[in-house]
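What follows is a single structure, written as structure tokens, with notes after it.
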Amino acid sequence: MYAFFAIVRRDLRLALRKRAEIINPLLFFVLVITLFPLGVGAKPMLLQAIAPGIIWVSALLAAMLSLDSLFRSDFDDGALEQLVLSPQPLSVLVLGKILAHWLVTGLPLVIIAPLLAILLGLSAKTISILLITLLLGTPVLSLIGAIGVALTVGLRRGGMILSLLVLPLYVPVLIFAANAVEMAQLGLPVMAQINMLAAMLVLACVLAPWPTAAALKMSMS
Amino acid sequence: MKFIPDPIGKFFHRMASPPHFYALAGQMIPWLTGIFLVLLGYGLFAGLYLAPTDYQQGDSYRIIYIHVPSAWMSLFIYIVMALAGAIGLIWRIKLAEIMAISSASVGASFTFIALVTGSLWGKPMWGTWWVWDARLTSELILLFLYLGVMGLYNAIDDKRTASKAVAILALVGVVNIPIIHYSVEWWNTLHQGPTVTKMDKPSIHISMLIPLLTMAVAFKFYYVIAVLQRARLELLQRERTSAWVKKLVMEQSK
Amino acid sequence: MNSITPLLQGLDLACIRDDRSLFSELSFVLGAGEVLLLEGENGSGKTSLLRILCGFREPDAGQVSWCGGAISTSAYRANMAFVGHLDGVKKELTVLENLRVALALGQGNGGSLDAALARVNLAGYQDVLISALSAGQKRRLSLARLLVTAKCLWILDEPFTSLDKQGIQLTEQLMSEHCAQGGMIVLTSHHPIQLTHGAVQRISLSSCL
């Protein structure tokens, strides 16, 4: 447990010292969302109707693009070798790294999302549901994405293949989260979707660190 | 290995020894091809000629004799691939690794056929080539999963490492497929209503069912043939430095 | 260090890389207080062998055992430390922060961090960022990591690169002390090494080519 927190603390401190890595996915998220009105036209009704989809697809892409920084620098400077060689269970250390990564890349998305939702014309009640789905959903994206990065971190050009591996696995999160927001817009109950997202989060927390650890060990050879 | 009795373990290890497998697969392929052709011939004849015309869909329904077995195979092969991958990961059996990756491209082809035939079928049924129907959408995502597996395998140079990566990915995929399938189904009923459940065919006449099942078995045989062929090639490529391959090449070139 | 007598054993190891057999039927036994020196040209498989001993790579044949057990266990990793050609330190963190992370991952031997830093001539560098250190200083920092963690087996890949004369002497001295305390070392090196303690076994890998 001590090692878990040591890793979280280390990664948070590292992120604070190279802030660009926090800012970049955030900027990407904001930019993609501003592109949509330019692409489909500034029609408030239309934008409002597709806002849940826009926000969630953009969040998905931003989360995916930020994944590379999860293990890349550790792989390049050999810190990952030391993690793998640690007598502590690797899956726990990996969970620590994912938590730290979500805190610096996922959480900012959640925080800025209400602002963008206002730009797209969502109501206050809908925004609160959007926040809940983002809070439950983005950690799942980080957890699932970690498996993909761990598999591709040893490759020189892993970026394209990473999206091919990870995006299909993001489908359930997208479906339930975007749908919850859409239903909230119509004033319908969304408990079922929220429960599904919570279940996915629990499942991902328990299951995802194992294949990630196995894939990291594989990437070392 | 502890829970498997010794003689059985030894049997599997002998079966899984590359030269033995290579020779055995070579002997089996002609037989399998024969059975496959007979089944395929009967299935197509019965399906396209003997089976009656559907009173709603006319003759266009006959595409199910290709579509449905392909869709079944697409899922079946993914599960086989994940199982083979798991066996390769746990017991380090080289042959299981090879089986897993050889299955991927065959499975992807079946998935692709299922998609194309589904879309062809959609034209007379729905009047458009593509409908975001739950099954077609799941099938499309399954195709992406297959492509991911193949892409990852090709991206990693060291083939032993690549096999491990593929096995991990296939296992992750197998856990996710039910979740994806369920969520897509749920999404579909919300957005479109259960309009396309015609595909379910709750009651199918026996004269239509028999050719369908025959085709399904024929496709299974085809899969075995294709996977054995691919596995033999893959095996030769991986073991190209070993003595038995060199001997084989010497004998062939005489 | 450890109540059981430590023993690292390699049996009939083989490594194939890109269709080329780097080595095969390589066996060795390494006991307490002993040093295993791997020699050979570039590309002869020294680093591959080290990575096999670390458990990063699986040997293409044969097996490595630690005290009779497999090396994939955490018991093995609790007893071994690896210094590769990558330093494994984060350049955005300070010397002290890096050492603390290393301690959290392994287990300390109770010695103070400051003493270890003083031992490798890095006293006063506690709060300096790694990016401000020279290559030699980073090397010495990885030696300090070995000193603060209680590891019995050191696996060192080219420990003398980018070190000056005093750095090399210091490394040799630390290695001798480690062997005198019953530790064991596996290393690759182009330099001849001079140790006051520890029986040195040599494996020359180029002969297998």
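A, B and C label the chains in the order they appear, each numbered from 1.
The rule is short, and it goes like this: contacts are C-beta pairs under 8 Å (C-beta built on N, C-alpha and C of every residue); 3 or more make two chains touch, one makes a residue touch a chain.
Not measured: the values here are computed from a predicted model.
Nearest to the common centre of all protein CA atoms is the CA centroid of chain A.
Ranked by how far their CA centres sit from the centre of chain B, the chains are topped by C. Between A-C and B-C, more C-beta contact pairs join the chains of A-C. Averaged Cα coordinates give chain A a centre that lies 32 Å from the centre of chain B.
The distance from the centre of chain A to the centre of chain C, each centre being the mean of the chain's C-alpha atoms, comes to 37 Å. Between the CA-based centres of chain B and chain C the separation comes to 47 Å, rounded to the whole angstrom. Contacts with at least two other chains are made by residues 58 of chain C. Residues of chain A in contact with at least two other chains: 221. Those residues of chain B whose C-beta lies close enough to touch chain C in the complex are 160, 240-241.
Taken together, the chain C residues at the contact with chain B in this complex read 16, 19, 21, 58.
On the side of chain C, the complex with chain A involves touching residues 51, 54-58, 74-75, 77-78, 80-82, 84-93, 97, 100-102, 104-107. Note for the complex: chain A touches chain C at residues 2-3, 6-7, 10, 13-14, 17-18, 73, 76-79, 81-89, 93, 217, 220-221.
Residues of chain A that touch chain B in their complex: 147, 151-152, 154-155, 157-158, 161, 164-165, 167-169, 171-172, 175-176, 179, 196, 200, 207, 211, 214-215, 218-219, 221.
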